[in-house]
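You will see two complexes here that share subunit A, one where it goes with subunit B and one where it goes with subunit C.
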Partner chain A sequence: MKINKIILSFISAVAILLSTSVVSFAKVVGDKIVLGAAISLTGKYSSNGVHTQNGYNMAVDRINSMGGVKVGGKTYKFEIIYYDDESNPKRAAQLAERLISQDGVEFMLGPYSSGLTKAIAPVTEKYGVPMVEANGASRSLFTKGYKYLFAVLAPANLYLDVAIRTAVELNGGKGVRIAQAFEQDAFSQDVRLGILDAAKETGSEIIIDDKLPKELNDMAATLVKVKQMKPDVLVVSGHTKGALTAIRQIAEMKVDVPMLAMTHCDAAKLSKQHGKNSQYALCASQWHKTLTYKDNFFKDGMTYAADFQKEFGYDPPYQSAESSAALLVFKDAFERANSFDQKKVRDALAATNMQTFYGNIKFAPGGQNVDKPMVLFQVMCDGAGKCENKVVAPLKWASAKLIHPIPKWSER
Partner chain B sequence: MNKNYILYALILIFGLAAPFIFPAFKVQLSILCVLIILAITWNIQGGEMGYNSFGNILFYGLGMYLCASVQVGMFFPLAEWTESGGEKTFVHTPSQFFQGMAVGLVVAAVIPTIVAGLIGYAILGLRGHYFAICTLGLGVAAGEISGGIEIIGAGQGFTTPPFPNVGGLEARGEFFYLLSFTALVLTFIAVRAVYSTRFKLILNAIRDNEDKAEAMGIQTMKYKIIGWMISAFFCGLAGGIMGGLVGYIDSTDVAFDGREMGVFMVLMAILGGKGTLWGPVIGATVFHIFKEGFWTFFLGWQYVALGVLIVVIVIYFPEGIMGWLREKYPERFGEVVDEADRKAQVELK
Partner chain C sequence: MDFMVFQYPMITIQACLDGVLLGVLFALIAYGMALQWGVMNIINIAQGDLVILGGYIAYFMYLYGIHPAWGVIASPIIMYFVGVGIYKLVINKVVDRDLFISILATFGISILFMQLMNFAFGADVVLANSGYGTTFLFDSNVVLPNSKIFSAFVSIVFAICLVIYMKKSKLGRAIRATAQNARAAKILGVDTEKVYAATFGINAALCGVAGALISITFTIHPYMGLPYTIRSFMIVIVAGLGNLPGVAMSGMGLGVFEEFADYLLGTEFRIGAVFLLLVLILVYRRFKLSRKREYLK
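For the complex of A and B:
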């Protein structure tokens, strides 16, 4: 029975391997505060994952270079351990576990997307690890009674609420006919629920209600229906791919619709990628560089955008801005708690009430930010074909007037 | 024979002690157990029976959803639990959690078994590539369908009941490890018992020449279906455990994850050596270690590294690790080798 020897030696090899792998305890080492983050560097959310990571890195560099975090009279610098969650919730949950139990991380930053945040939140909650997340907007995150989850962004159901209300207003207060298509994922489905609520309240009618697959690269079937049924508003949400696919196919098929409302236009760099084809698209955004919020680190939106452009070579989408804001929130909470005790930091986070370049931040008991409205911008192009996103709602920040209805393709 | 039992006892002790010796690795070890179960059960079709199934992920996902649904549904309205905008918060008491889990796991094992019987009756008449492609469709279809069923969360996903507040921080990890290790031991014992009967010979006969087997009077269809049902039973069980372990079920990314789990189970069995009892166990372990390693040291390139590993496996170990060892050290596998005969064979090649 020599085979036994093979198996035995194999098992002992595994045991040795496991026991020699280094278990380091990160948390607060020397003058460093180590945060953990699982980020989608590959997979379907990779572009937004990178926006998130750039946002985090930008803020870490800025805070560190401007004196770091002062706790108990000592100055600390931020550092982040990243792992790639491959846009997969299963992986994200494992990585959270790994960051906490193997790397000894005591404070976490959120991943990209609601689905992944949903997978990570139970883990951080179990270990009592405070997590400030900037990219999980699904409402269901905030109704689970999580105590250690804080989101700097407004919940997903509010994303396109304004768009529907604006459409109704422009329609003389009468309900509108809505066509909608949403990706089958936690975030987009929650945006959908927000539209359903808005439709109910305004007496609007939903005439097309389609679901789009996760690997989203075709929505022609929905658009054919839209051409036939001529709704007043077309709503599409499916992260970056959803926005790109919608614009590409609407232009190809010359679909005329008075209002087109979407999410993730800036993350998809729509105005750059599709130029004039993306004109008039209305987009929900957590942030826009022209908003007038201020803080000491990035000054204001315009300065942030310029610095970000210099560092990474593109205009920051709101995903980056909110991610940077998450670090500002952590810094503020550490300093107010004046301690690295997880419980104390958690309480300090819960009591956050501050303004950042990204907006005001104040958490509801569920963990969502209740002090920051969504903005809507519209893609507008000049004669030369140079396109820009201009805020059109709410009126307080509007830098341009909403163009409605969208001119027909034949008249463009 | 005695030596065998000593070996098994050693492994059992090692398995039971593992989470306490390597406390930081509990989750990885639990996942390893689940991976081994999947590899062992896939091997029943792919290795012993010669039917390359990509559909076993169906039973895994089904088990996952069933276990979680039962666990919630026994005590609370399922629809309100999964509803996104729901304002209510439900919390399982410890006894509710464990009762729900126990019943849930039974359901998670039994229903997929029945489903395997029904589907098997319909499609196990297909052979070769046709069967493989057909089963590939099963997993994809299940993912899309479950993504549209509101009561299990549809595209929103399904958050499984959080582990109750008992026994401190480490309790959850230890519970899930022991659960998955127990499931693994049960699977191994059951499959080993099955392999020691005539049943295995019949499966091998089907693999080697199905028509001849039929001509010998074997009702191949019956055995193929039973084989698949055995796989489904343990796949469902593994799925149920994994659902609780991950804590969040997404239709295509976690449950019917044909792109990852569905392919991994095939890879692991092939890496270890299909058609052997220990092959899938070793394959899954090596695979898991490599994968975790790539993940740590080649961040961003882990799939490239994994791809290279697969290419290396196919080129240098087409018969898997066990097959390679067997060829290299046949005497260790109890084969008597005549050196002259072996040389002659090598020259013939």
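For the complex of A and C:
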């Protein structure tokens, strides 16, 4: 009995010792800079979570193999500790606590989705841990005055702003009639606010303003109204299920609308799942491989896409590209700060002004990237039914001319 | 409030037709629930997840180049065995216990199924394209996707087949006998264990058909099962157990109600309206029952 007790206390003593030593060891160990990330590897965001993780891993490998990060005359390599947040905000916040207080991580990468980033941001802020995130676009993330949060992507309210402005431009500068349907979640509602702003500025009128439920898989009622009211633009944002449902029912109900603008076409694999029915849909995207931004690590979008394809076996969605860019931003900031002091790194991040293959990166005081416009691509199909996404706006990067108005179903 | 649905008669017709076609599909799922509720006294929370699993079967056929409409044949066959499997593993241990235990057990199965489907099929929203066209009515003012018509038609065919099977076949008679009085049926030589397994299997098969139809008409996703459970629960509560015409009527009623709620209150309240209706009906039933009780006193 006694011996058992002694063994038990010995083991617990060792355990305590080990756990404290972990704390003192982490952050920068030897020649490694340890970053922490909670990623959705299971649960409803798991597919995009994996895209995010692949993007991070690809950049880590690339930076490490090309000389690593030079701080104070010494070369360091990146390493990431991942935890699975199960697509659950509460779990994500717990894991952020754990990464920081148990694993001793001093620098964080963001999770996937606005909701999870919102859950983690207060934690990183509390501990003063700089976080570069690549997948939380909700506007509310950037209005809370967070000092340690930096996002490489454009905020959600700018997603479809370009579409409305393009429609107005094609209408000879006169306002257009907009029908919109948005899911009731933080991200889509932010996209909606962006449309409201754009409508106000361009003198456009919103004639249908529907909200879609989380369990959305039927939007026939909205589409009947669209048929009846004949708007100039139909805007839909409801993650992948919104995009898929909209295209299915627009095609089935033969709804004719001159412009159809959406989000999440990429993630929904729209043209793959719907083929020719998805033709002419306009999609907001943070990035497209044909954009001509350049950097020293991935060269440009086309090279990135080819390398990514080789390593992971699929074409990179923008979620992967922006995640890779987050690592480039960290490397740049470490080198400019020339230190691992969290405050100094944070200040260096705030002063970031660089170009990556993903786009220009420069942070506003709120933490959002203000130097990279959204792009719009249009799904275009050839006679054989093979569909491709082609950038149509802004004009500077357009690789094809916008087809407008969308031909009527009876003429297709 | 948006009264557009009443201002244009064509929209009213559209809403009614959409609702009826949708309701028939709901009724099919609800009939499965009513069946096992009546026979085994089990409320299956995992009903919606069985539906989604059935949908994935059709989706995978579609992926491999088979027309997803064949899913309405393949899916119920596979799902029957899934149902029997669930019965043998879990349900037979809770079938004689009180309702709470069985709700808890099926709730657990529901969570397990969601996670397994997520793990196996990924979290992407998917659908199977049938390539069926569109029917235009009233000078193309009313449009009906043929996939919806197809799904309503198949639901009706399966419902009729099931009714005939219940009336004519030996197993059907055994199921009905067990529903009326399990003990008496046992004494008279009915193997109730087998009847229970078959009932659960038939329910799962019906869910399989419905799921295949949903993958053709709407979209499927591992976490989309619950609304189907709630809807079928509600239909059964309104119609009562063992009342097939009632289930069909209340299914269609619910479909039309949902469509009108969608137009009047907005799409965001569509599912909310169903929940509200459920609460109202439960309150009404309780009220009616308590009056009856007083009368009996």
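Definition applied: the second predicted complex is superposed on the first by the 385 of 412 C-alpha atoms of A that agree within 3 Å, B and C clash if a C-alpha of one lies under 4 Å from a C-alpha of the other, contacts with A are read in each partner's own complex, and residues count from 1 in each chain.
The working rule: contacts are C-beta pairs under 8 Å (C-beta built on N, C-alpha and C of every residue); 3 or more make two chains touch, one makes a residue touch a chain.
Being a predicted model, the structure only gives us computed values, none of them experimental.
K.L.:
Thinking of the overlay built on chain A, is A:E252 touched by subunit B (first), by subunit C (second), by both, or by neither?
P.N.:
second
K.L.:
Should A:A351 be classified as contacting the first partner (subunit B), the second (subunit C), both, or neither?
P.N.:
So A:A351 meets neither subunit B nor subunit C here.
K.L.:
In the overlay, answer first, second, both or neither for which of subunit B and subunit C A:P213 touches.
P.N.:
After superposition on chain A, A:P213 lies in contact with both partners, subunit B and subunit C.
K.L.:
Using the superposition on chain A described above, determine whether A:T42 touches subunit B (first), subunit C (second), both, or neither.
P.N.:
A:T42 sits against subunit B and subunit C alike.
K.L.:
Applying the document's definition of touch, where does A:Q189 land relative to subunit B and subunit C: first, second, both, or neither?
P.N.:
The answer is first: A:Q189 touches subunit B but not subunit C.
K.L.:
Looking at A:A221 after the superposition, I want to know if it touches subunit B, subunit C, both of them or none. Which is it: first, second, both, neither?
P.N.:
second
K.L.:
Just checking: does A:V29 make contact with subunit B only, subunit C only, both, or neither of them? Give me first, second, both or neither.
P.N.:
A:V29 sits against neither subunit B nor subunit C.
K.L.:
Is A:M66 in contact with subunit B, with subunit C, with both, or with neither (first, second, both, neither)?
P.N.:
Touch partners of A:M66: none, neither subunit B nor subunit C.
K.L.:
Quick check for you: in the superposed arrangement, does A:K241 touch first (subunit B), second (subunit C), both or neither?
P.N.:
Only subunit C is touched by A:K241; subunit B is not.
K.L.:
Per the overlay, which chain contacts more subunit A residues, subunit B or subunit C?
P.N.:
Per-residue touch count on subunit A favours B.
K.L.:
Touching subunit B and also subunit C: which subunit A residues?
P.N.:
42, 87, 184, 211, 213
K.L.:
Can you check the complex and tell me which residues of subunit A touch subunit B?
P.N.:
Residues 1-8, 10-11, 14-15, 17-19, 23, 41-42, 82-84, 86-90, 93-94, 97-98, 101-102, 115, 118-119, 122-123, 125-127, 138-140, 143-145, 157, 182-186, 188-190, 193, 197, 211, 213-214.
K.L.:
Note which residues of subunit C are touching subunit A in the complex, please.
P.N.:
Of all residues in subunit C, those touching subunit A are 4, 8, 11, 14-15, 18, 22, 115, 118-119, 122-127, 129, 134, 136, 143, 145, 147, 214, 218-219, 221-224, 226-227, 259, 262-263, 266-272.
K.L.:
Across the complex, what residues on subunit A touch subunit C?
P.N.:
The contact residues of subunit A facing subunit C are 42-48, 87, 181, 184, 210-213, 215-222, 224-225, 227-228, 239-241, 244-245, 248-249, 252-254, 268-269, 273-275.
K.L.:
Residues of subunit B touching subunit A in their complex?
P.N.:
Of all residues in subunit B, those touching subunit A are 3-4, 7, 10-11, 14, 21-28, 31, 84-89, 91, 144, 147-148, 154-157, 159, 162-163, 169, 172-173, 242, 246-248, 250-254, 257, 260, 278, 282, 285, 289, 295, 299-300, 302-303, 325, 329, 331-334.
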